[in-house]
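Given below, in the form of structure tokens, are the structures.
What follows is a pair of complexes built around chain A, which joins chain B in one and chain C in the other.
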Partner chain A sequence: MFIVDYIKTVYNASTSLLKGMRMTGYYFFNHKEIITLQYPDVKQELPERFRGEVVMTHDEKNEHRCTGCTACELACPNATIKIVTKQELQPDGKKKKALETFVYHLELCTMCNLCIVACPTDAIKMAQTFEHSVFDRNQLTKKLNAPGSKLMEGVE
Partner chain B sequence: MISLEHISQSIHEALSASLNSTLVLLIEMAIAGVLVIALFAVLGLVLVFMERKVSAYMQIRLGPNRVGYKGFAQTAADTLKLLIKEGLTPDGADKFLFNLAPLLVIIVAMLIMAPIAFTKGFQLWDINIGVLYVSAVSSIGVIGILMAGWASNNKYSLLGAMRSGAQIVSYELSAGLSVLTIVILVGSLSINDIIASQQNGWWIFKGHIPVLISFVIFVIAVTAETNRAPFDLAEAESELTAGFHTEYSGMRFALFFLAEYVNIFIVCAIGATLFFGGWMPFHIGSWEAFNHVMDFIPGIVWFFGKVFALIFLIMWFRWTFPRLRVDQLLNLEWKYLLPIAMFNLLLTTVMAITGFYFK
Partner chain C sequence: MQYEEVATTQDGNLVINVGPQHPATHGVMHLVITLHGETILNVQPHLGYIHRSIEKMCESLSYRQFIYSTSRMDYLSSHINNHGCALAVEKGLQVEVPERAKVIRVLMDELTRIASHVLWWGAMAMDVGALTPFFHAFRERELINDIMEETCGARLTMNYMVPGGVMFDLHPNFVKKVKEFVAFFRTKIDEYDTLVTYNVIFQERMKNVGVISAADAVSFGCTGPVLRACGVKSDIRKLAPYDGYEKLNFEEPLETAGDSYARYLVRMRELRESLSIIDQLIDNIPEGEFQAKTKAVLKLPKGEFYSRVETARGEFGVYIISEGGLTPYRIHFRSPGFANLSCLNHIAKGQKIGDLVAMMGTLDLVIPDIDR
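Up next is the complex of A and B:
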């Protein structure tokens, strides 16, 4: 019947519209559902595996675990990392390659995590920081090893 | 008890005591004009803020909350920004019509303000065909929109304006028919008579099913007439950038924006007057004590309370429903709303003749 179909259409339309309005009305009166964080005041807790930038871990004696093997430099797909090495005199008179500067270009990094995977000594890791904006591009080129730091004992 | 009626009465008497009647009329017109413009400014600020907050809460956001206490100064700051912006006129535009259009839209909004009764005896113009006047003047607004779209010399603007024309011309019908149900029941076109007839209960309760249907049709039709979502095809920011006001900037854009919100206020005021008794307090039949308690709340509070409840309803629609396509829009009007409104009108007529409603 045409009239029955017509009334059915009107009824279905109005009930489905009311269903939608019930949802938004519920959100309007239940402010605890709000998911917005007031960012600079309240910061979100980031997941553990969040990739913000590459950092080098240092312990309390200002020692790092980087041997300067350049595995990360080779693994990097867009030449973000540049390892500068030096020859260091060992106590037994032998010379040994050691890290001088770990240059990290944040402006080129895509946070792909390949350098961290490639590192044989777990010297670098991903940090949780994400507020990277600066006024000068040069500030994005970072030296990751702290000044005066040296290789940790026993890391080959 | 102090009331707006007494204040306006005493101002009139104080002026009449010392001046001749022509001068009194001129001064009173000036006062009324200033009051209307002040109301417009306040409405613009309050409604834009309300819209932003309502939309935010409905979308599980917080909305403006930085400027001023809880963000209350946000719209004032936005208005200040719009005031100091440059008002551009595009090269290819028809300069005269382009500049006239926003003024026309806002003047129409001002004109409809005339017969609205804010509280007992506080009305700009007590006209005996108030409802007819409102529905006649409100359809002039579309000329401003068409003018803006045509004069902008922009295809998006023109498309938006044409859609708006088709939309308002069709929805004017069902808005008019749903208003007529109340006119049939009251037997008068005067706003004051309609309010007075709701002394013992609002029409939405007294008129039961037919008035309820006509109220639903009225709300849908006025949402379309004020070009608001889900009927915002004239603007349709995702399809036509901003529709008829794409080329407008600065204060001219602000006038369109203000006119939109003032129009919402006006249609909700008409809806509150027709279906919810305007400034009339909530009365139930012959419960003398209850009615007397309700009378202690001033009429202006009742009026603005009802209007803002209806505005909230329309905002609720906007932030819930998706936009209709043009064919869906016209289908809804011509295949559903208009037949239902006509049938409902017939039903109301039968009801009015047989007296089958709560008196």
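Up next is the complex of A and C:
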């Protein structure tokens, strides 16, 4: 009886193995169901909401929407954002707080999106970039407002 | 805790180290195993290699900010961790979450559960020697990741649940894509069964390995599929329903054997239950707000708040003590992985060392969850 059981087990095992192998054979002959992309030659288009890094939007007149209110700086859990402000002289003679530098530490950022949600003027957004590797980590500290840019008209 | 190097003890037993970097532990976990021949006498897990002190970190973060860090604990069910935290904060704030947000949350939870179980299935089959299932599993998981990416903006650490609802509304493509996925995945589960579940070699490998009795599982604090494989009803979605789970019609899969194969079967049946939950909800997403109006600065009243949710691995609890300030006084997370790991020594004693990966595989350990 032992021999009969033994042969039965071997038979069962090999048939169940063959069933699995049949599926392997199916995919061997049906390449079209294989879904891998040949990165970096072929790149996937990333969805609009993908969180790659924080960028500041500028229009064609090199104007941004950031008022320097530091809402994003307070919302950030990792102290990724540091906002430096200056006092700007208005045409009517009054002084007004304005953005000087928007410092962004990409090396500290976890892409949690809390700064984007916190921004009252939609000045910053997430970019769909993801290849962030550099040779020197200092390059990851970025200045987001473009040189010479100023606040857009009508943004409070 | 004594640190032993590879050595033979005086009575001829061999002490070996598995990990901290070992492919079968899927992370940096260190097991010190005492062997007599091939038989395991003792398994001693050493933790701390990936400790980031998330609980302490949360004490300096506000109630909006701390949620993102819980995605980094059990990274495979990050949505559900975020959900638990959001529920605890909402309990303190006394905020009513809109119906639409509740449905979105449940849908996301179940998609995460499927992604987590699918990854577990592939990784566990790879541990016991079948390499192909891993690639099948990743193909299906990729579709869920794409859905998540489109709606939440990230593939793994979404940070989508916020106190009062969810961060964004659903993407217009969401419903269509989920329906496609559900239809596609139903055929794939049958493929999984053909490949692995009905494979006699696999069954021989898993049956009567790592047996734990119901009483022992309860006393070790095991939850989730590990406890349900012993026949104990323990699904938080049934016991203490949250966010509309009480209205849904789904079954709690139970097995009685308590061995590795029973844990495997429970998870495979949970996949089908999750699909049926998605089926019930996907056509009935109510219109309305996706986020309740909350104050810009959240302050919880003085007191203690606890919420628990069912992650892919078991019960996840969030315990917040508030002194009334901007940040919590103390936060504790009850993670399922830690409790499930504690029974490893009990189930591994007297078994062969080759079966250790089969036991660890079906416990479904995620190391950052154990070592917060």
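Criterion: the second predicted complex is superposed on the first by the 140 of 156 C-alpha atoms of A that agree within 3 Å, B and C clash if a C-alpha of one lies under 4 Å from a C-alpha of the other, contacts with A are read in each partner's own complex, and residues count from 1 in each chain.
In this text, contacts are C-beta pairs under 8 Å (C-beta built on N, C-alpha and C of every residue); 3 or more make two chains touch, one makes a residue touch a chain.
All of these numbers come straight from a predicted model, not from anything done at the bench.
> Looking at A:His31, would you say it contacts chain B, chain C, both, or neither? Reply first, second, both or neither.
first
> According to the stated criteria, A:Ala75 is in contact with first (chain B), second (chain C), both, or neither; which is it?
In the superposition, A:Ala75 contacts chain C only.
> Of the two partner chains, chain B (first) and chain C (second), which one does A:Gly20 touch, if any: first, second, both, or neither?
Touch status of A:Gly20: both partners.
> Does the superposition put A:Asn62 against chain B (first), chain C (second), both, or neither?
Neither chain B nor chain C is touched by A:Asn62.
> Look at A:Thr110 in the shared chain and tell me whether it touches chain B only, chain C only, both, or neither; answer first, second, both or neither.
In the superposition, A:Thr110 contacts chain C only.
> Who touches more of chain A, chain B or chain C?
C
> Looking at A:Pro47, would you say it contacts chain B, chain C, both, or neither? Reply first, second, both or neither.
Touch partner of A:Pro47: chain C, not chain B.
> Quick check on the superposed pair: does A:Thr141 touch chain B, chain C, both, or neither? Answer first, second, both or neither.
neither
> Need the overlap of the two footprints on chain A, from chain B and from chain C, as residue ranges.
Residues 9, 17, 20, 23-24, 35 of chain A touch both chain B and chain C.
> State the interface residues of chain A toward chain B in the complex, per the touch definition above.
9-10, 17, 20-21, 23-25, 27-28, 31, 33-36, 38
> Given the complex with chain C, which residues does chain A contribute to the contact?
On the chain A side, the touching residues are 9, 12-13, 16-17, 19-20, 23-24, 35, 46-47, 49-51, 75-77, 110-114, 117, 126.
> Write out the stretch or stretches of chain B touching chain A in their complex.
54, 57-62, 65, 316-317, 319-321, 336, 340
> In the complex formed with chain A, which residues of chain C make contact?
Residues of chain C touching chain A: 61, 64-66, 68-69, 132, 139, 142, 149-154, 157, 159, 162, 167-168, 171, 191, 194-196, 198-201, 204.
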